[in-house]
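First chain written, first letter: the chains are A, B, C, D, E and F, and each begins at residue 1.
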Amino acid sequence: MEQGLLELWHSTGLYNFTLGQLLMIAVGGGLIWLAIAKGFEPLLLIPIGFGGILANIPVAGIAGPDGLLGILYNAGIETGLFPLLIFMGVGAMTDFGPMLSRPSLIILGAAAQFGIFFTLFGAIAMNLVPGIEFSMADAAAIAIIGGADGPTAIYVGSQLAPDLLGAIAVAAYSYMALVPIIQPPIMKLLTTEEERQTKMTQLRHVSKREKILFPLLLLGVTLILLPAATPLVGMLCFGNLLKECGVVDRLSSTAQNELINIVTIFLGLSVGGKLEADKFLSAETLGILALGMVAFSIGTAAGVIMGKIMYRVTGGQVNPLIGSAGVSAVPMAARVSNKIGLQANPQNFLLMHAMGPNVAGVIGSAVAAGVLLAVVG
Amino acid sequence: MEQGLLELWHSTGLYNFTLGQLLMIAVGGGLIWLAIAKGFEPLLLIPIGFGGILANIPVAGIAGPDGLLGILYNAGIETGLFPLLIFMGVGAMTDFGPMLSRPSLIILGAAAQFGIFFTLFGAIAMNLVPGIEFSMADAAAIAIIGGADGPTAIYVGSQLAPDLLGAIAVAAYSYMALVPIIQPPIMKLLTTEEERQTKMTQLRHVSKREKILFPLLLLGVTLILLPAATPLVGMLCFGNLLKECGVVDRLSSTAQNELINIVTIFLGLSVGGKLEADKFLSAETLGILALGMVAFSIGTAAGVIMGKIMYRVTGGQVNPLIGSAGVSAVPMAARVSNKIGLQANPQNFLLMHAMGPNVAGVIGSAVAAGVLLAVVG
Amino acid sequence: MEQGLLELWHSTGLYNFTLGQLLMIAVGGGLIWLAIAKGFEPLLLIPIGFGGILANIPVAGIAGPDGLLGILYNAGIETGLFPLLIFMGVGAMTDFGPMLSRPSLIILGAAAQFGIFFTLFGAIAMNLVPGIEFSMADAAAIAIIGGADGPTAIYVGSQLAPDLLGAIAVAAYSYMALVPIIQPPIMKLLTTEEERQTKMTQLRHVSKREKILFPLLLLGVTLILLPAATPLVGMLCFGNLLKECGVVDRLSSTAQNELINIVTIFLGLSVGGKLEADKFLSAETLGILALGMVAFSIGTAAGVIMGKIMYRVTGGQVNPLIGSAGVSAVPMAARVSNKIGLQANPQNFLLMHAMGPNVAGVIGSAVAAGVLLAVVG
Amino acid sequence: MDINALLIESLQLLGLGMGAVFIILVLLIGLISIVARIVPAEVTAPTGVVASGVDPQHLAAISAAIHQHRKKGN
Amino acid sequence: MDINALLIESLQLLGLGMGAVFIILVLLIGLISIVARIVPAEVTAPTGVVASGVDPQHLAAISAAIHQHRKKGN
Amino acid sequence: MDINALLIESLQLLGLGMGAVFIILVLLIGLISIVARIVPAEVTAPTGVVASGVDPQHLAAISAAIHQHRKKGN
């Protein structure tokens, strides 16, 4: 009898907990609180936070190789399957129309990727801080947070630095949720009141056929110049083709509803499984959080500055505020551009104009991911 | 030519059938008949019955390691994935409100688990019958039938006694379907007419915030005291959090519809794949069926007796009839409590009061499963 | 710096393309064009075409063992999982009522399978052409194109001749889309104006119970006589039982909607992954395309000729035009029968009569597949 | 295996295959016809009620209970 | 292990198991009751608005912009 | 690899990366503009009908047949 009791006692959490695990359970709870009470990207942060709690339960081994989270991780994250399927769903949900109607604005989505590559440099420079050691692969995985795109960050992170994946995903989604707080001061600092008041002309009509051709065009350019980006860009294009072609609506609907929901649950839980105490509670995580903030800020600034250049070049036809939307974080960043524009001029609706750079930013960061995977991976 | 004909003849079922396989095909057909004509848990028993037929087809090897059922079994049952995902869906479908509004009734859901542990003892005692040999792991896997909860039984069975899984699943779901026949005589035997006529006061209002906090609370208690129960309890809590938090409705909807449907099909078929003749047609199966009935009856009785104790302690504020709902078998057992209550007093609506012990019984048997996995597994 | 540039250049598609890959990307684009602009089976040919493009991108290795398409292929095609799940969905979508109401017409669905076995002979004879070498397994995999049933062709192809799978799937779905062009001349050639004008009597009512019993009956006959056909036939029957039994509507709905959609996306992409240049651009592919056309034509002719025999035997109660629907290609072939019938007599509605042989053809080709797998596999 | 042997084998397979297809489908025709004769004509499909395992009065009682409960809060 | 030892072990497990179930569920009753007392009464659930991360004026502006855009083409 | 070499490599990557992003997206701008000029204006989208592979009369006939069939039983 005593032996049985002892066995049971030895199998309690009380007997087995480490301080780190308790802290991580609090971190998981904190993410869930941010998601529910503050609206921080709940679709991802609730599963990630809950996965983080499950991963830090002693004895149970839920994130171990034979546990639920470990099995899901090996099947879907290590292989890249989950982020690629999410990207397909994103493609099936994205209307590239606003971008096609004024393609020149795509350049804003390119400029904002400066945040990624500047952060790569910053992460390497951080090695000068004692206690932090980032390899080139680590640095690249962290830098991609600046892409402000969840599945891209998880895909690159899982390929280049799986040990940092938990922190990278948490940083990426948290900062995406914080876009309405991070971006406005930078946007206002870099623009004049006159620039912000700029009204933009109405968008031209985009035909169905242009929309069908676009994903094939994008895939074509990518496969010729940067095949390493084709898994991500390819699935985005595939999803978008399902949506736009108009003859496979049942597949398109499944890709953007049930399938992406199922994969989101699995992806969130298994990414949360990477929030293990010994990996997460380290100086590296603080570095990742700091660098992620730098990446978002620099990306926003680069987009706005490119917006100012276009404002000059076009003789005032482009409102620089839509430049910040180039970081992606669809559609939050475009909404922020719209909001700041309305503050300057209550008749100034920038939302649809900002959607162009916004979705271009998704493509831009997928391309940047391809460069990182090709050179560093 | 003759050789070809001979080859084809040797590949017919007629040439290869064993008597056992024919019997098992009849058993599979019988389960399908019970499901369709008698309404026995059709969501599970149709896939299980059909899987049982497929598994006993000679030559085809559908339940073998390279066959459809074998592949599904290895991917989803051996790993625990399928029952855990079902449990997530159950969490997303369950309203714990009636239980939260009067938490003291949870004690009824604890008492009914006596059926499990008594049956464990009974299964070991059955070793005295010649021809039957149950190890402690076998006994534990059989006893969990008394939990009256399908996914819990399948999860524990697959971990502790995969060879008995087919019989355990069939017994669990059959007896759950038979709850309206098994429980009433026991309930009437143990209660007086006066007790059965007891009306219960109306339930207090439960706030949204209490409902959101509950799954986190339950997970917290479980991870501190019994980590071995956290895979099951954790997924139940995760599903319930998705439902109650109100900010991820698309995930909650997928968890309780498409995802649970897909997994139910796969789980049913692969559990059916365990209905192989040489495993199922044995004295053990008869023992399992007998013990399962004992487990259900003892659990029901224990719940009712605890109900009688509460009736006394509270001075007649608790109707003992709701005690039987503590075995789980949601929502059938609660309906039975309601029905017997109405027979005693046509104004006596016990349904919502019985839902409290009913869902508490799900938690109770998941906890019991944790104890069995921790000590025996 | 130069090294970095060189690395990037060496990782471009431009540097790495082979002529074959460019051709195959054009083939993939061509399939997508046929699907969108010409309505060629878009649900399958868009994923297959897109998968074909992705598979031929140099460097990226998307169809390799660690790439998305390779992983999906290994998980779902090599194991047979995807085509079997599609078949389950087909079962859940098929109403066998018209077939049950006049079972004698099933014989037309048997006759049309002559296309399969004649083509098997033709494929072996093709070995006389220099440069083409088909083993018996190759020939069987090609012949099944004549079954005019996509999942059956993919299932048999993946088991007997995985290297030819891409070409076989493309041929099968293309010819299924071309049924309205391939069949009419053959039908008109083989029938007289008088035969084509034959009106058929109205179908008898089929009770719910007959519909529920049918899938079990079909499975019973198959498992006794040809167990090798039971994976395919079994899943068809399982899906149909889910649909007809009326007590598991949520499973039936999932099987014929979300689940089949998800699997269609995965199956299409991974079959497209088999459109690799070195496998597809060969004399064998031309042979497969030629033989597929032969198979469809012979199958159509055999069905019509059997129709003429039934016309004679029944004293003009069967319109021979419905014989061509026996090849399957549901519901296109039945529509073609109806259309040609209307041309001969504007009051002559053959659609529901042709649905009988049409769905019988699905069973017929699954049985034929079982013979091929049993003898050749 | 030389081409002639293969040709002969494929001809045999033609016979075997069409034979198997016809035997199975003809058997199916027979069984369907037998079932059609045996199975009684439809009697307004009582399966639905049996399947839910609940009789109508019971259902009414449940709805009443839920209704009453909802009205009073929660 | 002989049958007697097994029987004793299973009796122990009966005690341990029911003990664990009761301890956990009784603890749960306590916690639920505490939470029920601590958590403030509902204040017309403001979570919905917070969760979407957008204030109502903002939403109005967005809808206006989309409406205007749609009206003008595309 | 010492920190200086890493810093230089990361600076190179900055140049390469932004170069690649700009080249690809500028090329995309060009191609989109060309497509926009080449593709003819919309002509009430006839794709829908072609896609279904059935002409309207045919569809009418089918519906008529189904309707007639349904009316008569089954």
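Note that in this section a residue touches a chain if its C-beta (ideal position, glycine included) is under 8 Å from a C-beta of that chain, and two chains touch if they have at least 3 such contacts.
Keep in mind that what you see is a predicted model, and the values were worked out from it rather than measured.
By the document's definition of touch, common neighbours of subunit C and subunit D comprise B.
Contact with subunit A and subunit B alike is made by C, E. Within the contact network of the assembly, the step distance from subunit E to subunit F comes to 2. When chain centres are set by their Cα atoms, the one at the greatest distance from subunit A is D. When chain centres are defined as mean Cα coordinates, C lies farthest from subunit E. Here the CA centre of subunit B is 26 Å from the CA centre of subunit D.
Inter-chain spacing, taken between the CA centroids of subunit D and subunit F, is 41 Å.
A straight line joining the Cα centres of subunit B and subunit E is 23 Å long.
Listed for subunit C are residues 4, 8, 36, 39, 42, 206, 225-226, 246-247, 258, 371, 375, each touching two or more other chains. Of all residues in subunit D, those touching 2 or more other chains are 9, 13, 16, 20, 47, 51, listed in ascending order.
Looking at which chains touch one another, you get A-B, A-C, A-E, A-F, B-C, B-D, B-E, C-D, C-F. Residues of subunit C that touch subunit F in their complex: 1, 4-5, 8, 36-39, 42, 97-98, 101, 177, 180, 202-206, 332, 335, 338-339, 342, 349-352.
Put simply, subunit B touches subunit C in their complex at residues 4, 7-8, 11-14, 16-17, 25, 29, 32, 35-36, 39, 42-43, 46-47, 50, 53-54, 57-60, 62, 66-68, 71, 257-258, 261-262, 264-265, 269.
On the subunit D side of its complex with subunit B, the touching residues are 9, 12-13, 15-16, 20, 47, 50-54, 58, 61-62, 64-66, 68-69, 72-74.
Contact residues of subunit F toward subunit A in the complex are 3, 6-7, 9-11, 13-14, 16-18, 20-29, 31-33, 35-36, 39-42, 45, 47-48, 51.
Only residues 79-81, 84, 88, 212, 216, 219, 223-228, 230-231, 234-235, 238, 241-242, 245-248, 250-251, 253-255, 258-259, 371, 374-375 of subunit C touch subunit B when the two sit together in their complex.
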